[in-house]
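Structures for review follow.
Both of the next two complexes hold subunit A, though its partner changes from subunit B to subunit C.
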Partner chain A sequence: MKFSVILDALPYLLGAAVTTVWVSLLGVLLGQVIGVLVCVARQSGNRAADIAGGVYVSFFRGVPLLIQLLLIYYMLPLIGIDVPPLVAAVGALSLASGAYVSEIYRGSLNAVPHGQSEAALALGFPTATIWTRILLPQAFRISVPALVNELILLLKASSLISVVGVAELTRTSQTISASNYRPLEIYLAAGCIYLAINGALALFGTLLERRLQEG
Partner chain B sequence: MDSSLIVQYGPALLRGFGVTILCWAAGCAIGLVLGFALMLLRQLPIRPLQALIRAYIEIIRGTPFLIQLFLLYSGGPSIGLRLEATTAGILGLGLYGSAYFAEIFRAGYQSVPKGQVEAALSLGMSYGAILRRVIVPGMLVSTLPAIVNMMAILTKETVVLSIITVPELMYEMQTMAAETFATFETILGMALFYWLLVEVVSRLGRRLEARVTRFLSHSSNARA
Partner chain C sequence: MTAVSEAAAPPAAAGDAVPMVSIRGVGKSFGTNEVLRDIDLTVNKSEVVCLIGPSGSGKSTLLRCVNFLEVYDRGDIRIEGKLVGYTEGTPRRRQSNRELRTLRRNVGMVFQQFNLWPHMTALGNVAEALVQVRGMDKAAAAARARQMLDRVGLAAKADAYPARLSGGQQQRVAIARVIAMEPHLMLFDEPTSALDPELVGEVLQVMRDLAADGMTMVVVTHEMGFAANVADKVAFLDHGRIAAFGTPREVFHESAEPRVRQFLQTYHERNSF
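Then we have the complex of A and B:
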C-alpha cells in the first residue's frame, strides 16, 4: 500500500466523481419526469396506456442495466441518431430510473386516501388539477425516502456507464490504475469516494424527511 | 440474423449460460450462508464486533458492485490474493449478496415475536434448538419475499461479471457480437433472454412463497 499514489490521483478522481454525481442527478431528474408520466398513464384508465406502461416497467426492471445501456448505445446509431456515449448513458440511466420511480409513485398514490380525489371530483375540479394540486404533491411527499434511495441506487449503477467509455469515477479509476499499476489503492480510493457521496445523500434524505414531516 | 450463427455460437452461449447459472447459484449460496452468519454474530453482545459487521454492511451497500469486483480481481494480487476471474466473480457476488441478506435476516430475526423465544426458553430448549425450531422457521416466512427479490437482483448482477472477463453468457454474447458484427441483434436477443430469466426466477420465487406461507392461510381460515 502506498498512500502517495492516492494523493497523486485524488484530483482526477474527485473531478471524475463530479461527473458521476451530475450524471446520476440528471438520470434521476429525467427519471422523475418519465416515472410520473408512466405512472399517470397507467392510472388514467386507458387500457392501451396501462399495458404499454406495464411492459415498459417490466422490461426496464427485468433486464440488467448493463444490457439496457449497450442496447441503447448500439441502437441509436442504427436509427440514424449519432450521439456521444454520455448522452446514451444518461438516456439509459433515466429510462431505468423511470421504471422504478413510476412504481414508487404508484405505491405512494395508493397511500393517498381515495376520498380526496372523489371529493375534488365532486367539487368540479378538472382531472388535470386533481393530479397536479392534490394527488402528485402528496404522493411526492410520501415517496421522498424511496426517491432518495433510488438516487443512491442510481449513483452506484452509474459505475456501469464506464463500459461505454464515459469518464466517470469508475472509468477514471480504471484508466489511472492501468497506467500506474496500483489498482488496489486507486479502487480503494474510488470506493471511499462513492461511500462518502452515498453517505451524504443518505444524510440529506434523512434531513429532508424530517423537514417534510414537520411541514 | 443468419441461422448458421446459432450452430456456430450455440455451444459457446450454452456454456456461458452454464457459467452464469453456476456463478449465480454459488454466489447466492455464499451470500445466504455468510449473511446468516453475520446476522447471528451481530446478535452477540460484543460492541466492536457489532460495529465491524455494521461497517462491512454499510461499505458493501454503499459502493458499486463493479468497484468491489475490480478491488477483488485487480487489487487482490497487490496483497497476494490471486484469483481466477470466475472465482473472483463468485466470491464478489457472494460478498455483495451477504450484506443485503444479512440485513434481510436481521429484519426477519426481529420480526419473530419475543414471546415465542421466551416460551421456548421457559420450556428449557437450548439456544440451538430455539434457533432451529422457532426463529429460523418464523424468519423464513417473513423474509422469503425479500430473499427472492434479492436473488432476482443477483441474477441481473451476474452480467457485470463479464466486465472482469468471467466467461458467462454476457461475455460469450459480446464475443459473438464482436465477431459477427450483428451487435444490435445479439444484444436485443440477450435483453429478451434476461427479461425472461428474471421473470422465471421471480415466478418460481412466488410459487415457493405460496408454498411456504400456505400454512398461514390455513390457520387463518381455521380461525375464521
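Then we have the complex of A and C:
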C-alpha cells in the first residue's frame, strides 16, 4: 500500500465525486417529479392512466439499471435522437428512480387516513386542492425515510453510469488506476468518498425527519 | 321609513316553509344488505335532531347521505329544497363534483375521529378552507380563524399542532373549522365517541352553545343526556328504519316501541353502578 498515490489522485477523485453527487441529485429530483405524476395517475381512477403507470413501474423496477442505461444510450440514436452520455445517464437514473418513488408515494398515500380527504371534501375543497394541500404533504412526510434510502441507493447505483463514459467517481477511479497501476489504493479511496457522502445524506435525512415531526 | 323596509323584507313564514333538510323514502343497500329502508325525516331551520340507536342501525350512514359522502340509492334528500347528489328529473343523474361542492359549502360536518390535518396548526386547520374554498386572502382568513378558535375557547392554542392537543380540544378545533364557513346546517357523526369520558363535556358544551345560537344540527350520538336535554326531535333507528320519532319526551318516556325500551334499558344498566 502506498498512500501517497491517494493524495496525488485526491483532487481528481473529489472533482469526480462532485459529478456523482449532482448527477444523482438531478436524477432523484426528476425522479420525484416523475414519481408523483405516475403515482397520481395510478390513483386517479382513470383506467388507462393506471395501466400506463403500472407498465412503467414494472419495466423500470424489473430491468436492471445497467441494461436500461445501455438501452437508452444505444437505442435512442437508432430513432434519430443523439444523446450525450450525461443526458442518457441522468435520464436513466430519473426514470428508474421515478418508478421506485411512485411506489413509495403510493404506499405513503395509503397510510394517510381516509378521513383526511373526507374532511376536506365535506368542506367543499376542489379535488386538485385536496391533493396538493392535504394528501401529498402528508404522504411526503411519511415517505421521507424511504426517500432518503432511495437517494442513497441511487447514489451508489450511479457508479453504473461509468459504462457510458461519464467521468463520475467510479469511472475516474478506473482511469487513474489504469494509469498508475495502483487499483487497491484508488478504489479504497473511492469507497471512502462514497461512504462519506452517504453518511452525510443519512444524517441529513435524520435531521429532516426530526424537523418534520415537530411541525 | 320603517314601514318600507319591513314591507321589502320577505315574509318570514315563506322562508320557514322550506325545511332545512327533507328526507323522503330514502333507501340504500350494500349488495343484498339493506342498510337504510324507506326513511322519512324532516329537519326544520334551527332545529336540533338527534339520531340514536344501536350500532349498525344505519344512523351514521343516513347522516353521511345528507352531504352525499355516502351515496343513497332510492328516494330524495333535499337541503333547503335542493336535491342532494342527483340532478332533478328522471332518469336522474349524479351531480358533478362542482355541483356537490356548491352544496357542501353550506353543510358542515364534524367527524368521530376529528380528522384535523396534522401538518397544519389549529389556526391553519380553521383558515385553510376559508382560503381554498371561500377564496379569502390569508390575513383575513387568519383573523377570522382566530375569532372562531376564540368562540370554542381555544384562542390560546392557535399555534399548536393537533398532536399537541387533547381529543376534546381537537374536536373543538374541528367544530371551529366548520363554523368558520358559516354553514346553514351542521352534521355531527358521533362527535364524542372517540373521547375520554372527562373530555366529553367540553365538546357537548360547545354544541349546546351552537344550538342556543340557532344552528340547525343533525347529531348522531350515544349521549342520551344531550339528546334528552338539547334535541328538539329524536329519531330512533333500528335495522335501517326509523322505529320511533318525536320529542325527547315522546321517545324516551312515552314510546311503547319495544326496541326503544330495550335499547334504553341497556343504557340504564350500563350507566348504573
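We adopt the following convention: the second predicted complex is superposed on the first by the 215 of 215 C-alpha atoms of A that agree within 3 Å, B and C clash if a C-alpha of one lies under 4 Å from a C-alpha of the other, contacts with A are read in each partner's own complex, and residues count from 1 in each chain.
By our rule, contacts are C-beta pairs under 8 Å (C-beta built on N, C-alpha and C of every residue); 3 or more make two chains touch, one makes a residue touch a chain.
Please read all numbers here as calculations on a predicted model, not as lab measurements.
In the three-chain model built by superposing on subunit A, subunit B and subunit C fit together without any clash. Legend: residue contacts after superposition of the two complexes on their common chain; A:11 is shown touching neither subunit B nor subunit C.
When both complexes are overlaid on chain A, the residue A:45 reaches neither subunit B nor subunit C. Shared-chain residue A:80: touches no atom of subunit B or subunit C. For subunit A, the partner that touches more of its residues is B, with subunit B and subunit C as the two candidates. In the superposed pair of complexes, A:115 makes contact with subunit C only, with no contact to subunit B. Look at A:198: by the touch rule set out above, it reaches subunit B but stays clear of subunit C.
In the composite built from the two structures, the nearest CA pair linking subunit B and subunit C is 22 Å apart. Touching subunit A in their complex are the following residues of subunit B: 58-59, 62-68, 70-71, 74-76, 78-79, 156-160, 162-163, 170, 183-184, 187-188, 190-191, 194-195, 198-199. Within the complex, the subunit A residues that touch subunit C are 113, 115-116, 118-127, 129, 133-134, 137-138, 141, 215. Touching subunit B in their complex are the following residues of subunit A: 1, 58-59, 62-68, 70-71, 74-75, 78, 152, 156-160, 162-163, 170, 173-174, 177, 182-185, 187-188, 190-191, 194-195, 198-199. Taken in their complex, subunit C has these residues touching subunit A: 67, 69, 97, 101-102, 104-105, 107-109, 111, 113, 115-119, 128-129, 132-133, 161, 174, 177-178, 181.
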